[in-house]
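My structure is below; once you've seen it, I'll send some questions.
Chain naming follows the written order as A, B, C and D, and within any one chain the residues start at number 1.
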Amino acid sequence: MNNLAQVHQLNPYAIQLCATGRWIAQRHWVPATGGNFSIRSSAQSCLVTASGKDKGELSPADLLQVDFDEISFSCQGKPSAETALHCALYRHYPDAKAVLHTHSVQATVFSRLISQPQYCFDGYEMQKAIQGIQSHQQALLLPVLDNTQDMAALAAKVTQLAGTQTLPYAFLVRGHGLYVWGDSLEQCKRHLEAWEFLIACELERIKICGLV
Amino acid sequence: MNNLAQVHQLNPYAIQLCATGRWIAQRHWVPATGGNFSIRSSAQSCLVTASGKDKGELSPADLLQVDFDEISFSCQGKPSAETALHCALYRHYPDAKAVLHTHSVQATVFSRLISQPQYCFDGYEMQKAIQGIQSHQQALLLPVLDNTQDMAALAAKVTQLAGTQTLPYAFLVRGHGLYVWGDSLEQCKRHLEAWEFLIACELERIKICGLV
Amino acid sequence: MNNLAQVHQLNPYAIQLCATGRWIAQRHWVPATGGNFSIRSSAQSCLVTASGKDKGELSPADLLQVDFDEISFSCQGKPSAETALHCALYRHYPDAKAVLHTHSVQATVFSRLISQPQYCFDGYEMQKAIQGIQSHQQALLLPVLDNTQDMAALAAKVTQLAGTQTLPYAFLVRGHGLYVWGDSLEQCKRHLEAWEFLIACELERIKICGLV
Amino acid sequence: MNNLAQVHQLNPYAIQLCATGRWIAQRHWVPATGGNFSIRSSAQSCLVTASGKDKGELSPADLLQVDFDEISFSCQGKPSAETALHCALYRHYPDAKAVLHTHSVQATVFSRLISQPQYCFDGYEMQKAIQGIQSHQQALLLPVLDNTQDMAALAAKVTQLAGTQTLPYAFLVRGHGLYVWGDSLEQCKRHLEAWEFLIACELERIKICGLV
């Protein structure tokens, strides 16, 4: 109860994140308790979904407060196994307010088709749904990272990548799923829909035209 | 409030358009705030969805009054970026009462497969859902226009096309999506369902038989 | 009102048919006001959906009483354009109580892939959902008829076919859709689900293995 | 009534199983009254869905008490035709609390593509949703058994298989569907989602890359 009250006090978007989770679950993008979500609660803290919860049945009490500094994070309770990755994104992007990680069939299959470290999306009007993009002719490079159970290593890899190139508010982990973030939960959800759409389109195109 | 009252006064179909938007969003045809809708409110005006709104969560206050003459249009507020295209259709087709523009995966993928300026649909009973078609043997030519961020140019292209051939109440914009219109909102929705169906069928057929 | 009262008096399943229509519409199997349904109301009459109605929004008043004899049928109002086909089935199969006709993407695409007059389904446990089938090894031959706008001719073709072979409570019309029937509305709905499933499976299989 | 009261007395999860059935039906994984579910009610008994019921409309009264020993089972009423298979799983796995059997398009199509007796899933993060799996690099071997109408023979085959190798809480029956189990109904549902996801992914991959 104290925990729940604390959550509400810290972040009025906690309930909104749970609603977003139900919406995502209805799209079948977080099956089998997969995926994880977070919202920033301060410069050095965020609320992360607890491990093993059905993401379509979240309540604010399922969001755990995680405090982080430049090196590590701490949490009372058992947050998502991929909390290190969420913290890495909040550290690197001070404006990031929300992170959504999903396991859709389309993103999972697509990520395994791409053997190169990134994939170029070009010519889709939908690219404009990504913050800062003004035209379907501004190509987007989506990173595709190898999966690993070593989350610290994956977080370091993402941090390094983000330091050397402009990421399109998203990356894929091969055979695993999609990470997106945004400067608000609303923008983050828009980025999620846009990337899942773009990936679904390319997967359909590849079925017909093959991989280039 | 004044604006909302005005909308209701002008057009009793405003609420119906919002309901149609929810139905379309449930089909996943307007992801990431994509797409835009309008209804005619007079010979030289229409109500157009405001820019950036989630099309599954529209209320009448999200519909902006747009006045147009033969050359230009004006609007208080920020209507959809593609308002010029809606006005072009209402100008050219005096009987058009509604325009729906969607971003489905199937229409987007299909539009990029077709390198020619139009595609012929033939042999589908569903063709009869398009106003004026009596038989599956009346072939329909669906235009596929190149996408551009210059909406005035795209609107001029559509106007020119509509002046030289009978359009099947629809056209595609490559990599972008589908436009449909109708002599009533009900007919327009029927045209939308019919075209999304026909495009979905051809995309499936092409997966098996290849592009002819 | 009189009409509605009459419908209820004649057939307690009228409301159930409307509910079945909503269920079918939610599966997207009757887009754009397509498809039509009926239930038998006596040895020589049935209730058929009125022409042009959205099949997901039916009320009993949208079901029109159709009387038929061995040769023709009559109806007050405008029943579905394919009423002749429904009557032909009720005439030939005295036990048939319901007929459902749908326009799914999968059945439409499949019907155009098959150039032969029938297609053999074998090896699916789901075949047992068809009345009288006890094993996945009892092959089912699904007729695929050419589409025509001459409904009397199509009805005659179906009658002739039904007189010369055992039909699996279903047939396809090429580029048009699926017809199923059953000895009760419940069985008819089961046949619909089973055939749409079997067709969906074969379509997926053909995408990978090609047409044999 | 007595029966219903007895069911509730025996197993508080009866209502939860009916809710799970509605959820599964909404995924279209038990069409045409297909599939069957059970929960263990004691060391030598379980509740199994009655034959021929729509699995999306179950109530606790549709769950029949089945008593089994090492050799046979008995039941008042007509339980699912595949009850022998459920009993075999409960016999072999003392910790198994629930069994779910589904007929999805994807699992059915996939099962017929695989001519070998098992299929290897590797490299998917989703593998970790299966109890005991810690890494995407722990490969899972999913058995694919030939279908038969002789349920005693199929049950014996499964028992034999389970005695000689570690099964991944699931197996496929060719042209028929998927069986999953779990140490709780919640875990069983998670296994179901995970396996349907993994199978859907591989089916998509095979469409693009072909069978290896």
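In this section, a residue touches a chain if its C-beta (ideal position, glycine included) is under 8 Å from a C-beta of that chain, and two chains touch if they have at least 3 such contacts.
Bear in mind that the values here come from a model prediction, so they are computed numbers and not experimental data.
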item: Self-contact between copies chain B and chain C, residue sets same or different by half; value: different
item: Taking each chain's C-alpha mean as its centre, the one farthest from chain D; value: B
item: Centroid spacing, where centroids are CA-atom means, of chain B and chain D in whole angstrom; value: 45
item: Intercentroid distance (Cα basis), chain D paired with chain C, Å; value: 32
item: Per-residue overlap in chain A, given as positions that touch at least 2 other chains; value: 207
item: Topology of the chain contact graph, where touching chains are joined (line, ring, star, complete, other); value: ring
item: Pairwise chain contacts under the document criterion; value: A-B, A-D, B-C, C-D
item: Residues of chain C defined as touching chain B within the complex; value: 28, 31-34, 103, 105-106, 108-109, 112-113, 147, 149, 173-177, 203, 206-207, 210-211
item: Contacting residues of chain D [partner chain A, same complex]; value: 27, 123-126, 129, 134-137, 190-191, 193-194, 196-197, 200-201, 204-205, 207-209
